[in-house]
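Each in structure tokens, the structures are laid out below.
In the two complexes that follow, chain A is the common piece, with chain B as its partner first and chain C second.
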Partner chain A sequence: MNKEEIIEKLKEAMKGSSEVQVDWDSVSEESTIESLGFDSLSILDLIYDVQQLFDVEFEAEAMVGVSTVGSLVDFLQGKLQS
Partner chain B sequence: MVEKRRVVVTGMGIVSSLGLDTASFWLNMISGKCGIKPVVDIDVSECKTPYGGVVNTDQLTEALAAVAVRPFERTVDMATLATHQALLQAGLIVPGQEYENQDVAVVLGSAVGPTHAVYASHKAFHEKGRRGVRPTTVPRCMANVLSSQMSIRFKLTGSNYVMVSACASSTLAIGNAFRMVQDGYTEKALCGGTDAIFDPASFAAWNNLGVMSKNPDPEKACRPFAADRDGCVLGEGSGALLVESLESAEARGAKVLVELLGYGESSDSTHITTPSSEGQAKAIQMALDNAGLKPEDVGFINGHGTATRANDSCECKSVRQVFGGHADKVLMASNKSFFGHMLGASGVAEVIVTALGLAAGKVPPNRNLDNPDPECDLNFVGPEAMNISSPIAMKNSFGFGGNNAVLILKNG
Partner chain C sequence: MLLRIALAIVDVMPLSVAEGFARFLADIYCELNVKRRQVAIDNIKRSGIAEDDDETRRIARDSFRHFAVLIIESIKSDRFFDKENWRDKVEMDIPEETMELLKKPGQGILLVSGHLGNWEVAAQLLSYLKPVMAITRDMNNPYSNNLILKRKSRERLTLTPKHSADGGRFLNVLRNGEVLALLNDQYARDRGMKVDFFGSPAETHTAVAMLHFITKAPICFGYCVRTGSMSFKFKATKPMVFKPTGDRNADTRAVLESLNRELEAAIREYPEQYLWAHRRWK
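What follows is the complex of A and B.
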């Protein structure tokens, strides 16, 4: 799965658990996850949705340092390749 | 001993099958409209009673969006709307302004809690195993989710907890909030309750319990105090009150909607589902004593009136036991034929009806009571709304488990 495909799938997952109205077409790799409407609670739902969508499993703590869409994509690419 | 303080209601909010605000709720009731309809959100093809007082999910979602809240869990969603209305009316929040911390206690009731989230988590576990269960199941399914979420969402920094006493839950919550304010433990309290029972498993269980009406006509099924009543009809929703000391309301210039005069609570200590008139009468007498009133002072009783065989005759016997000869004069009604039995939320919804009725000098009709049961020998409101002149009313709530809670209100 390439980067663009991962981003498109991620956007779908995020739409389901974001707390705010977001212009999803303008989301880029530089967009921070916080700016897309995720707090400490809804991020747990996002992690769950990502694991279901990409059929990967990881502990929430593994995402420490993941703060932007780009870093989340890199994190997922690493998980999908391992 | 600290002098008892007068306690008043300055804000009210409602979410029900008859309206998502107090104005439309009251207008629909006073004109005799019924909120009981076929259940459409879940498969009810095998249910014996496939209808109820269901809140329209699209309207609920729209109302949440209007206050910029995403759906979280159905009971919390409903409570959020009711709380928003109550705080807005009380003047404690202002549209368009950020909420600021306020020293307000949160005391909410629920009979069964967040059953939709519980159902979803169990379904996910059985379908997908451990990995299928959403981690936010934990905060969604906490027994105190209602009070904690209201405290967090509206920045209410007083104590917060949920009181659980079946169908008496929200009346119990209001009664205890009343005591907290009366005795000076808090200046203000948000109180009320919520239940949303129309998840597939809970609704199936109720259908199998044998206490629900099998009348084919949803609008005629719930027949409190009628000779041909054959069981209750479920409803869902939320109600919230902002109660505060009279001094606090006057100092803020807040409009008093109704005053809480007294509260009584007791346990039957007999049977899990069969009520006892001894236990109920004890709570009724306690509420009168607490208010310093005699039965003759009460002009209207908004009963528990579930339309089950057991409840209605027992409740009438309890009222007669305490009210004696005045039981032939005091007006008696049940509101459940309008919006079903909202379980833990029924008490607060019916307190709101009572408060609005006292303010209007008029009470909604007893729908479907064309032929009262001889065992229910009280002075019932008729098939049309009736004027009332007394400023004082009583609200009864009785729950499975033998929980009895009774409030006395006075027009503000």
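What follows is the complex of A and C.
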């Protein structure tokens, strides 16, 4: 799965768990996870969705420290390739 | 300052005197605080556990007394229990499977409870088996809050105020093989899911379900009821494991409904030991 595909799939996951209004078309790799409506607790919903959608298991605490969409994509790409 | 003095007085009072005094104050509080008493009565009626108004009032009054004694027990429990003697003083009603998990090094556990029995003593006792992080509700006064947090934190028991809730930290606790203890009957405001509690929908925190699915840490419902003066029975369920289906809402609901059912059953058994005066349904 390439970067663009991961971003699109990730947006899908985020749409399902974000509780704020977001213009998803304008979301880029530089967008922060926080600006998309995720805090230290609601990130758990996103982790669940990501695990299910990408069918990957990973040490979830590593994802909590990820701050931007771009770094989250890199993180997932690494997990999908391993 | 007042709290510090009160704690010092309770420290030196014999247990039976302190308990009696606490019950006396609870009766006065119950009489004078009409609003809070009404919350308890309304909640008991809503739950349908009392047969008539007399029983409702009795449960409400006993619940206030219970909570007052709980405070005394929580202040004094350090003097009564330590990691050497606690097993002789506490009756354990815990399935073998759960006990094995508690003894297994590296095994994280989600211990879910409610405002039933003495949850503070429960966390203390549990910490003799495994390190515990317990999530607590803040006191309104920050000075009092710090004093209580400092006083109650123990070698293997960490208290985390609810306002500092941090998913990453919780994940680490479970990954490190510790117990994450939560009271899941607190009103969740806009962060929860409406789940039936005694037949009425109540906003319920969802974090426990997410933590379970993400980490695969088993969930145990447990509580510690008072059986006498500074005497307790620790009860817990078998470990619960739910399989994620990919439908987050449905999966979360399955976990929370199951936990609410466990809590309801426990409350039916010990209605006087439940904190009815907190606003579970808003």
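General remarks:
As a convention for this text, the second predicted complex is superposed on the first by the 80 of 82 C-alpha atoms of A that agree within 3 Å, B and C clash if a C-alpha of one lies under 4 Å from a C-alpha of the other, contacts with A are read in each partner's own complex, and residues count from 1 in each chain.
Keep this in mind: a contact is a pair of C-beta atoms (placed from the backbone, for glycine too) under 8 Å apart; a residue touches a chain by one contact, two chains touch by 3 or more.
Quick caveat: nothing in here was measured; it's all calculated off a predicted structure.
For the composite obtained by overlaying on chain A, chain B and chain C cannot both be accommodated without a clash.
With both structures placed on the common chain, the touch criterion links A:L36 to neither chain B nor chain C.
Touched residues of chain A were counted for both chain B and chain C, and C has more of them. Applying the stated contact rule after C-alpha superposition, one finds that A:I6 touches neither chain B nor chain C. In the superposition on chain A, A:L76 makes contact with neither chain B nor chain C.
Once the two complexes are overlaid on the shared chain, A:D45 sits against chain B and chain C alike. Contacts of A:E61 after superposition: chain C is touched, whereas chain B is not reached.
Only one of the stretches 39-47, 93-101, 147-155 or 219-227 belonging to chain C overlaps chain B in the superposed arrangement, and that stretch is 39-47. Overlap of the chain B and chain C interfaces on chain A: residues 41-42, 44-45, 47-48, 51-52, 60. Within the complex, the chain A residues that touch chain B are 18-19, 41-42, 44-45, 47-48, 51-52, 57, 60.
Against chain A, the residues of chain B that register as touching in their complex are 70, 131-132, 134-136, 139.
Across the complex, chain C is touched by residues 16-17, 40-45, 47-49, 51-53, 59-61, 64-65 of chain A.
Chain C makes touch with chain A in their complex at residues 165-168, 171-172, 175, 191, 206-207, 210-211, 213-215, 244, 246, 248, 251.
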